[in-house]
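A, B and C are the chain letters, set down in written order, and residue numbers restart from 1 in every chain.
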Amino acid sequence: MSLNGIFQYFVPKDKKFFPLFEQAGNNLIDMAQLLIENVNTTDVEYRKEICRKIEDLEHKGDNITHQIHLELGKNFITPFDREDIHALASSLDDVADFIHGASNRMDLYKLVKATQPMIEIAGLILEATEHVSKAIHELRDLKNIRNITDSCVRINSVENKADYIFDKAVADLFDYEKDAITLIKHKEILSAMEDATDKCEDVANVLESILVKNA
Amino acid sequence: MSLNGIFQYFVPKDKKFFPLFEQAGNNLIDMAQLLIENVNTTDVEYRKEICRKIEDLEHKGDNITHQIHLELGKNFITPFDREDIHALASSLDDVADFIHGASNRMDLYKLVKATQPMIEIAGLILEATEHVSKAIHELRDLKNIRNITDSCVRINSVENKADYIFDKAVADLFDYEKDAITLIKHKEILSAMEDATDKCEDVANVLESILVKNA
Amino acid sequence: MSLNGIFQYFVPKDKKFFPLFEQAGNNLIDMAQLLIENVNTTDVEYRKEICRKIEDLEHKGDNITHQIHLELGKNFITPFDREDIHALASSLDDVADFIHGASNRMDLYKLVKATQPMIEIAGLILEATEHVSKAIHELRDLKNIRNITDSCVRINSVENKADYIFDKAVADLFDYEKDAITLIKHKEILSAMEDATDKCEDVANVLESILVKNA
């Protein structure tokens, strides 16, 4: 597709899909910020409250996804391919699910104090959602294709870091945690968190695929 | 795409792909029913027999997938996009693989008695496959687009329930199961079952993507 | 699409994408061969050296993926759909990530001696990457569509074997490994290896989807 193609696809006129995607992106940042509060508290009751808030935001995200689907049903013209709008909405929804899942496990498994690697990965999840949100806000404007690509590269790099911290943390559990059940518990919480960064990478993949199709 | 587009794509004339997809859907229900028998027996020999039957149905599913591919090779006109036919066939195949995997683990790990959450998730797998099969049967007829969407919503809701039961069951294992190896065993079986409902959600995603493209 | 379509899409004139994909395929074979060295050594220092080499090849793979993206940015005409080029590059990258991950875990978890199932799955990973590479080399030439399909079937069959060995190995761990932490360690290494064959199956899926679209 030519430059013409880009103009055709990324005209900044859409008033329906972009605002919804931007809301979904902002919502992920809010969730990630609450997750950071979660890993920084040792107050079990306060953790429960944070988990409820994260759950509320997850429902909010579901509503946004649902509205995107309703708009797809109502609109003949979309700012990019219909199936890509669906794929982007689904992948954003997945990130929300995994942040919620990680938060939930901390409560369900009665974690008292988050470990250092959990705190670090929670920080990386926030970083990744910020890049996701930034990339989405720049979808509106075709001049920023390079910015979107940059955000995708950064998301990949954040995911690599999370991966590394996860692997190292599990290795340390094998070295120092002598209680197998505690070891599994910590590994499962870390793994849900690491999955959340994987899902951000999936969003980056959908965004790259959209750019590639329309560039 | 206009209403015209829908007619063009969902004309109920196809005699090749729809019957195969319907067979694949029915096959999943048969497998899920056997899985329920599996979680309800404590007779290790009978479990082996059920596992063999599930394996046979998995091979039957592989054959259906293969026939869909053969038809794709032979037919110029398809009821919807060629790559979506491929994606739908693959996602149905994945559900079969995971039901088979869950059943297999019960036998391989020498489970004697399925736990209550296993019984509940097996029931949800059957529910999910019934919705999958229903949605597929309604692909033939474009008047039923709302019905397909409804089935997809229901599949998502079943998956959420399975997710919740899985998380709660693992939390309970951490609370009450003092033998780490038994804990891992149960967690792995539950996890394979929960994955089967995830794969049903992937089918729903493919179906939604097909609808979105053709609506 | 007609035979014409095939000619249009698979003309063996592309000088940019095919060589890069072929490099990516060859790189996977190199990585898999090093993984086999890894499972066959008990020398912890030598293992560290192999891991570093695998990591270097993973970076090499990242560079190839990056070059494919650059070419997509520069070229108006591509040998098949832009999004499929992106999907194929991503899926090859995933295989590299998981071979690297499996190798890394052996080092991080301080494995001394790989078990028989690890050695077997490493062999299957090599087999799978060889089929992947073969299929990719035949993408250039449309006469070989059947050969590509054959490679995909073989990749699926290798993945099934790896799956079976993994399940059996875990069952054996439950039977014979009385130390829960060693059990988890071995299960995690096996699981990363089995995931590498899953990712080869994803490559096969992308290849099948490309064939299906263009046949």
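Convention: contacts are C-beta pairs under 8 Å (C-beta built on N, C-alpha and C of every residue); 3 or more make two chains touch, one makes a residue touch a chain.
Since this is a predicted model, take the numbers as computed values, not measurements.
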| item | value |
| --- | --- |
| Copies subunit B and subunit C - rotation angle from C-alpha fit, nearest 5 degrees | 120 |
| Equivalent interface positions on subunit A and subunit C, same or different at half | different |
| Separation of mean Cα positions, subunit C and subunit A [Å, integer] | 26 |
| For subunit C, residues that touch 2 or more chains besides their own | 180, 184 |
| Touching residues on subunit C, where the partner in the complex is subunit A | 69, 72-73, 76, 82-83, 85-87, 90, 101, 104-105, 108-110, 180-181, 184-185, 188 |
| Subunit B contact footprint on subunit C (complex, rising order) | 1-2, 163, 167-168, 170-171, 174-175, 177-178, 180, 183-184, 187, 205, 208-209, 212-213, 215 |
